[in-house]
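Below is one structure, written out as structure tokens; comments come after it.
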Amino acid sequence: MARFPEYYTLWDRTGIYALRAVAGLVLFFLMAPILVIIPLSFNAEPFFTFTEGMLAFDSEAYSLRWYGSILENPNWLLAIRNSFIVGIAATILATTLGTLAAVGLANSAMPYRRLITALLLSPMIVPLIIIAAGMFFFYTRFNLVGTHLGLIIAHAALGVPFVIVTVTATLAGFDRSLYNAGIGLGASPMRAFRDIVLPIIRPGVISGGLFAFVTSFDEVVLVLFLAGPDQRTIPRQMFSGLREQINPTILAVATLLVLVSGLLLVTRELLRRRSDRLRGV
Amino acid sequence: MMTAVSDQLHGASSPDALTREEILASRRQLRRRRLVALGLVAPLLAFIIFAFFAPIATMLYRSVYNPTVVELIPDTLAALGTWDGTGTPDEPVLTALAIDLKRLANERTAGRLGEEFNRALPGTSSLVKSTARKLRRADDAELAASGATMLGDIDERWTSTDLWNAVRETGRSFRETYFLTALDLERTPEGGIQLRESARIYIPLYIKTLRIALVITVLTFLLGYPLAYYLAHAPPMRANLLMVLVLLPFWTSLLVRTTAWIALLQTNGVVNSLLMGVGLTSEPLEMMFTEFATIVAMTHILLPFMVLPLYSVMRGIDPSYMRAAMSLGSKPIPAFWRIYFPMTLPGVSAGGLLVFIISVGYYITPALVGGTDGQMISNIIAFHMQQSNNWELAAALGALLLVLIMVLYWVYDRLVGADNIKLA
Amino acid sequence: MRLTSILVGAALAATFATTTVADDLTAVSFGGAYGAAQKKHMIDPYIAATGNNVLFEDYSGGIAEIKAQVEAGNIQWDVVDIEVIDLERACSEGLVEVIDFDLPPGDDGMAAADDFFPEALANECGVGVIFWAIIFAYNNETIGDTVPTTIADFFDTNKIPGKRALRKRPQVNLEWALIADGVAKEDVYEVLATEDGQARAFAKLDTIRDDLVWYDSWSQAPQLLNDGGAVMVQSANGRIFGAIQDDGAPFAMVWDKMVFDLDVWAIVKGTPNKDLAIDFIKFATNTKPLSGMQDVAYGPTRKSAAALVDPSVANDLPTAHIDKGLKADGIFWADFGETLGEKFNEWLLQ
């Protein structure tokens, strides 16, 4: 590791080692809490901490019982199903509307572009509790509270900014002359969009969709205000579990969710590389 | 497009001047492009207006509009009409109230009236409800004849000026009272405005929220800056690998991370077992359900929002500046402070404002790990929405929080640019 | 693109699938050991007997959530298990339906009016499910040498140091504060109706303020005792009984000045599933389901069910300790719930 230039004093070198140590500690701080819950979820006892048996690696102290109890509990199963229904539907809604709008916003002829972009991005900034209260008041009038549709609309609104941001980013590198060439060769605007623009911005669209899905999948404040017992989702179920009755089933669910987020992270990373390649970056 | 171009080639007599047709055509084309662009944006705009802006507007409206009392006791309010706010209103007014109360008791809505009065004059709910219960079976004719006396006999507070001022106050559909309460203000009997005499709650809570958000922002900066620096200057392979350790928490569910902190910080949790195991403490430390727990867990959750913008700014800094400074004789640490650090300020402000804005409105983590003293303003809004059912006050507190966020967002837009929000 | 259309189709199909079974009954109760007993003896047998689907949801008590649903006009819950201390308020504020149907006779054929204990049908808005008590309990392993025996000990931090946990609401806490301050249990509600009495109760709570832990739902009480969050906790007697019985927890209960109360099944006002709700209540308040509540040491509300109580449990039922306690006053809390609730919340935030 002695690759420092000669003019580095001992003091400077210590600084660099210290930096490394600090960076390592911060990474530990980021990862350790997430890693801790994984072994805990295999605890044979109904506790949230390591038992003596677990520390001694006694196989008796580990079990899959909390994973089993997810499958046995109809409330968890309903929650899992709802999370996917709401998440997928909200993602489709947000991605479709968001992609069209992003394409429109990329057009230099678009009037009030800055203002409209700011408006469309604002669901990302307003605190969820305010959105939740407002939606509770407003959606009640349309009988949307306590329905899947209400939740889908609410989550789609939250997901829209992410789609706009990611699609706009891919469009920024898009060479408009490709589209013009397509039109020039006789394609209809629809066809030119579908066959030329969409394949190029697709990584951005999918990436925005992923963000929209994760936003919905992870969201609990709006669910607390807008969902009835029929619409409980995984985070809602976790929230009430943490509030009322702590048992390691939640840790088992949490471990599964860490796996899901790992998968999403990999997917997005692959998409990003593909997008960079397509745009020739 | 093709035809427009060929027309231009053939039809132009002078290469510089455009013909009238060409100007018109290009205007038409611009108008068409504008329409197409608008047409693409319109569906989403309509959707967001319905799904997002209309709800926010409804909330703002609720913060000043509450017709409950007007709907419950219209006759009493009509009779009260021109009362000047001193002494006790005339007998017919009290009689009208007695009749209204009996009706409410039978409709089972006296509780709502009591609730509204109670917010203007604490202690009145029990008066309304017990009186309504007693009047429930009263004779109508007797009530019409001597309702005023009956009220006075049940409880002398029915003849007090304070109470009737509260009736008059709550009898207006549009009122600013909720904002006054949200700012710890109250009306004096003379109609002026003063600081609330009883407990002041909300302003200290706003201050506490800002303080917690500031502490979290500083902590994420102190932890995030060295990490981002290290990552930005590590060999690309290692940086990419280590970046996963930042991105995985970022992509992990908020509730998973909060759960993890509960497992760590509980009285019998991992941290306490560890501390007691190595003999650092003999008694478990009280960490769960404190402000400390809120701050630690939120710092952990928001750290990636600081690291990512810092990292992307640091990656863009040309290393030759530092080299130049050092070849001119500067030592690494002074060179860092004078040359490098100022260049990272855009990342610091982007990350800092983002973390600050997000923490000011945070709800879930304080609700789960914060106990009583780790609660923030969002939690009290949720409390008034879900527990005390004081929706108007919740709306007023929400409106103030919204103003605060808007100001911060405006600063962010000024310093960073709203469309520069980076997503990993 | 094909993937998207499959997903759209799946999502739509699933959405419709869930909306078509939306006429399920939603029953809401307290969770934990009590909820488990209700699931075992009421919910599951009802599903098995009728084929109707029941969504069984937990809440942490109080009327706020019901009130929000009724006032906003979107009813999510159909049947709720309510504490009688809250029932009169819910009933007088029009949040629950008046019980206007006949209940079936007990298994021994006795007419409902005779079979139910009078308290169980005393309120027109609910049908009694259990007799239970709010007691406080301690953990033998953490309490130290001096064990508490009276409610005054709960408020005495010199005698018993350490955290004590209370449910985060004024009900019962203010009563206990006054009793600990020397008010006779017969006079508690009278004193609490005065401004001075209220100030006195809050002043007493102030004396242990720094040692208080607040929890939201009953199921947290045994947990706090178990994982050391508090040395003494206020609890429903059944929760502590359950922890001792099922998990062998080293807990002990103090019955002194316990506040005894009933729980009822009530129907949320305006529910579209009222008929189903009535059907469920008739089923769930019959002899056999009620006798199952002894699993968590709660007394059944029918004589025919009380006859089925195992003699070994009898001493753990609140009815065996009636002389030490006071009856929760639902009418007092109907009148003062709002006023004292606001005062309590302000006090908490100070």
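For clarity, chains are labelled A, B and C in written order, and residue numbers in each chain start from 1.
Definition applied: a residue touches a chain if its C-beta (ideal position, glycine included) is under 8 Å from a C-beta of that chain, and two chains touch if they have at least 3 such contacts.
Everything numeric in this text was worked out from a predicted model, so none of it was measured.
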Chain whose Cα mean lies nearest the overall Cα mean: B
Winner on C-beta contact pairs when B-C is weighed against A-B: A-B
Chain centre separation (subunit A, subunit C; CA means) in Å: 38
Subunit B and subunit C, separation of their C-alpha mean positions in angstrom: 33
Rounded Å distance between subunit A and subunit B, as computed from the means of their C-alpha atoms: 22
Multi-chain contact sites of subunit C, meaning residues that touch two or more partners: 227
Shared interface positions of subunit B, touching two or more other chains: 266, 268, 385-386
Subunit A residues counted as touching two or more neighbouring chains: 47-48, 136, 243, 246
Complex interface listing, subunit B residues touching subunit C: 105, 107-112, 114-115, 118-119, 122-126, 129-130, 133, 198-199, 201, 205, 266-268, 284, 286, 288-289, 371-372, 380, 383, 385-389
Touch list for subunit C against partner subunit B, complex: 62, 64-65, 67-68, 71, 89, 91-94, 163, 193, 195, 213-214, 227-229, 331, 334-339, 341-343, 345-350
Residues of subunit A touching subunit C in the complex: 47-48, 75, 78, 81-82, 84-85, 88-89, 92, 136, 140, 143, 145-149, 228-230, 240, 243-246
Complex contact set, residues of subunit C against subunit A: 4, 7-8, 10-12, 14-15, 18-19, 22, 24, 26, 28, 31-32, 55-58, 60, 72-74, 76-77, 216-217, 219-220, 223, 227
Subunit A - residues contacting subunit B, complex: 7-9, 11-12, 15, 19-20, 22-23, 26-27, 29-31, 33-34, 36-37, 40, 47-50, 93, 97-98, 100-101, 103-105, 107, 109-111, 116-139, 153-154, 156-157, 160, 162, 165-166, 168, 180, 183-184, 189, 211, 214, 217-218, 220-221, 224-225, 235, 238-239, 242-243, 246, 250-251, 254, 257-258, 261-262, 264-265, 268
